[in-house]
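Both complexes below contain chain A, partnered by chain B and then by chain C.
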Partner chain A sequence: MVLLSAQRWIRSRLTDRFWRVQEVLKYARHFRGRKNRCYKLAVRSVRRAFVKSTKARREKKRILRALWITRIEAASLEHGLKYPAFISNLLKSQVELNRKVIADLAIYEPKTFKSLAALAQRRRQEGFLAALGDGKEPEGIFSRIVHHY
Partner chain B sequence: VAKTSLTSPPWPEVKLPDPVEEAKYHTEVVQKVNKMIATGQYGRLFAVVHFASKQWKITSEDLIMMDNVLEAECGDRIRMEKVLLVGADDFTLIGRPLLGKDLVRVEATVIEKTESWPKINMRFWRRHNYQRKKIIVNPQTVLRINTIEIFPCLS
Partner chain C sequence: RYVRQLQRLQLLFSPTAADSRGARQFVEEAAVDFARQHPDVVLYVSPRAGSAPLLLAEYLNGTVREELIASKTSEEIKQLATKLAGQSGLDIIRIRKPFHTDNPSVQGQWHPLTNKPSALTVQGPRLQLQ
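Right, the complex of A and B next:
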């Protein structure tokens, strides 16, 4: 018999199934149970792991900000100020440090944090006097706004 | 007149110190700090710098990694303006909001420019046959903070 059309007898075969499977299993090697060995279970677990990590990257920013706020609150309570008073008075005295840096200062530079708390307390008192006195007494020194032109 | 619960307001009375005495005290403190800076009686300085839309607390010999591209070759020296706070052991200089450029000088060198590890972005809706997978690689730059210097020009 003469095979007139030889091309029809060659079918394509999947030859790199091993590497395609390893691509998925390499992300599942540290999982618990059969999902670190069996491909069918691993595919589902790896997919869930990727989706959770993408969502967690957005949540991480919120979690870290809440952590910094808790730490700043604890540190300012040690100096006799509450967190909203501390932050609002710092912003009113034109000190634009963000919560990450203030939390780091509260941990590693206690003297600097104490001076920031004293600044906020003084600005708070000047605010009270300005609100109660209605402008007859001299304005506070720490409430002066610095203009950079 | 007898003191009742309504004679004085319920909030604690706030008294500020005398302005003249306060001004004298302030000038004294400023002169002392200026003398300390001029004579060099400080140990390690730390600074808070606003760079690449983030605030960093840095000292000398520090490594910083930014998640973006910097238009400077490897080995270029960079001066960071926008310093928010400078401190040593005994004194801190707080800027409102920034400190002057003639007061602080922060120098850094660009060490390496690489890419981040491949982060995987995956979206999946169950029972809807929808999944998208994207690999994100961000360019990163590593800087080494060489020196932080302060000059005695307080007033």
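Right, the complex of A and C next:
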């Protein structure tokens, strides 16, 4: 808006208080109701929002890990394995991939995930043979442990 | 080779106002040294009356950053200038993810029919005969 006369300029002055109020209101713009417009309500809401976001950083790690586990469980069930069997057999075969990477593989590289599930299944069978077969059969191939030190 | 992202630095200050004192001292003492140390940054010094002293930084991707240097000492202005010279012009906001790919999937992204037998998708004359 172009204010042409000096009196109009003075009537719409931007005081320091305006900038101090805007500093708070800019974080409340996407709220619902009067909290996004009225300073008194916005101060309380913005402070609570900041506190919640600080505390939620610890919860985010837990939430994301639970999300990954859900996805890995769904993907391994497609290949006929349950999540505890999948993860434990993968660890026993010395495949140390974390849940984030395995979940991303399950989404973007389905064939790789299928081969991981097949590896876990094979290791599981070898584990059963070793436990129930009582030492007469040869040791499983995928049960061998490689020492890197 | 390193390409400095800072294109030009405009130092706007007033020759008489009190809050531009640090800017005037910077221009007298340290501006020439700064210009020699950063040969690929163009330093413009323009005195103008009436407004607050500003340090305008323009980057190669077009972003313009204004920093107020009112009531700052010459040392502080020099540190500010070196900080701006080391930055790139990208916006200073929270980066959501520290990684980005244009091709996230090599084998083809999963869809509900990836692990199902292909009899569900393929329609051929042979299947109908059997």
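By definition in this document, the second predicted complex is superposed on the first by the 134 of 149 C-alpha atoms of A that agree within 3 Å, B and C clash if a C-alpha of one lies under 4 Å from a C-alpha of the other, contacts with A are read in each partner's own complex, and residues count from 1 in each chain.
Keep in mind that, in the parts below, a residue touches a chain if its C-beta (ideal position, glycine included) is under 8 Å from a C-beta of that chain, and two chains touch if they have at least 3 such contacts.
On a predicted model such as this, the values are computed, not experimentally measured, just so you know.
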{"item": "First, second, both or neither for A:F50, with chain B first and chain C second", "value": "first"}
{"item": "Which superposed partner A:E109 touches (first chain B, second chain C, both, neither)", "value": "both"}
{"item": "First (chain B), second (chain C), both or neither touched by A:H79", "value": "second"}
{"item": "Partner chain in contact with A:V146 - chain B first, chain C second, else both or neither", "value": "first"}
{"item": "Partner, of chain C and chain B, that touches more residues belonging to chain A", "value": "B"}
{"item": "Contacts of A:K92 with chain B and chain C, given as first, second, both or neither", "value": "neither"}
{"item": "Residues on chain A lying within both footprints (that of chain B and that of chain C)", "value": "108-109, 111-112"}
{"item": "Of chain A, residues touching chain C in the complex", "value": "75, 78-79, 106-112, 114"}
{"item": "Of all residues in chain C, those that touch chain A in their complex", "value": "104-110, 114-115"}
{"item": "Contact set on chain A toward chain B in their complex", "value": "47-48, 50-51, 53-54, 57, 93-98, 100-101, 104-105, 108-109, 111-112, 115-116, 119, 125-126, 128-129, 138, 140-141, 146, 148"}
{"item": "Touching residues (chain side chain B, partner chain A) in the complex", "value": "11, 14, 16, 19, 22, 46, 48, 55-57, 84-85, 87, 89, 92, 94-98, 119-124, 131, 133"}
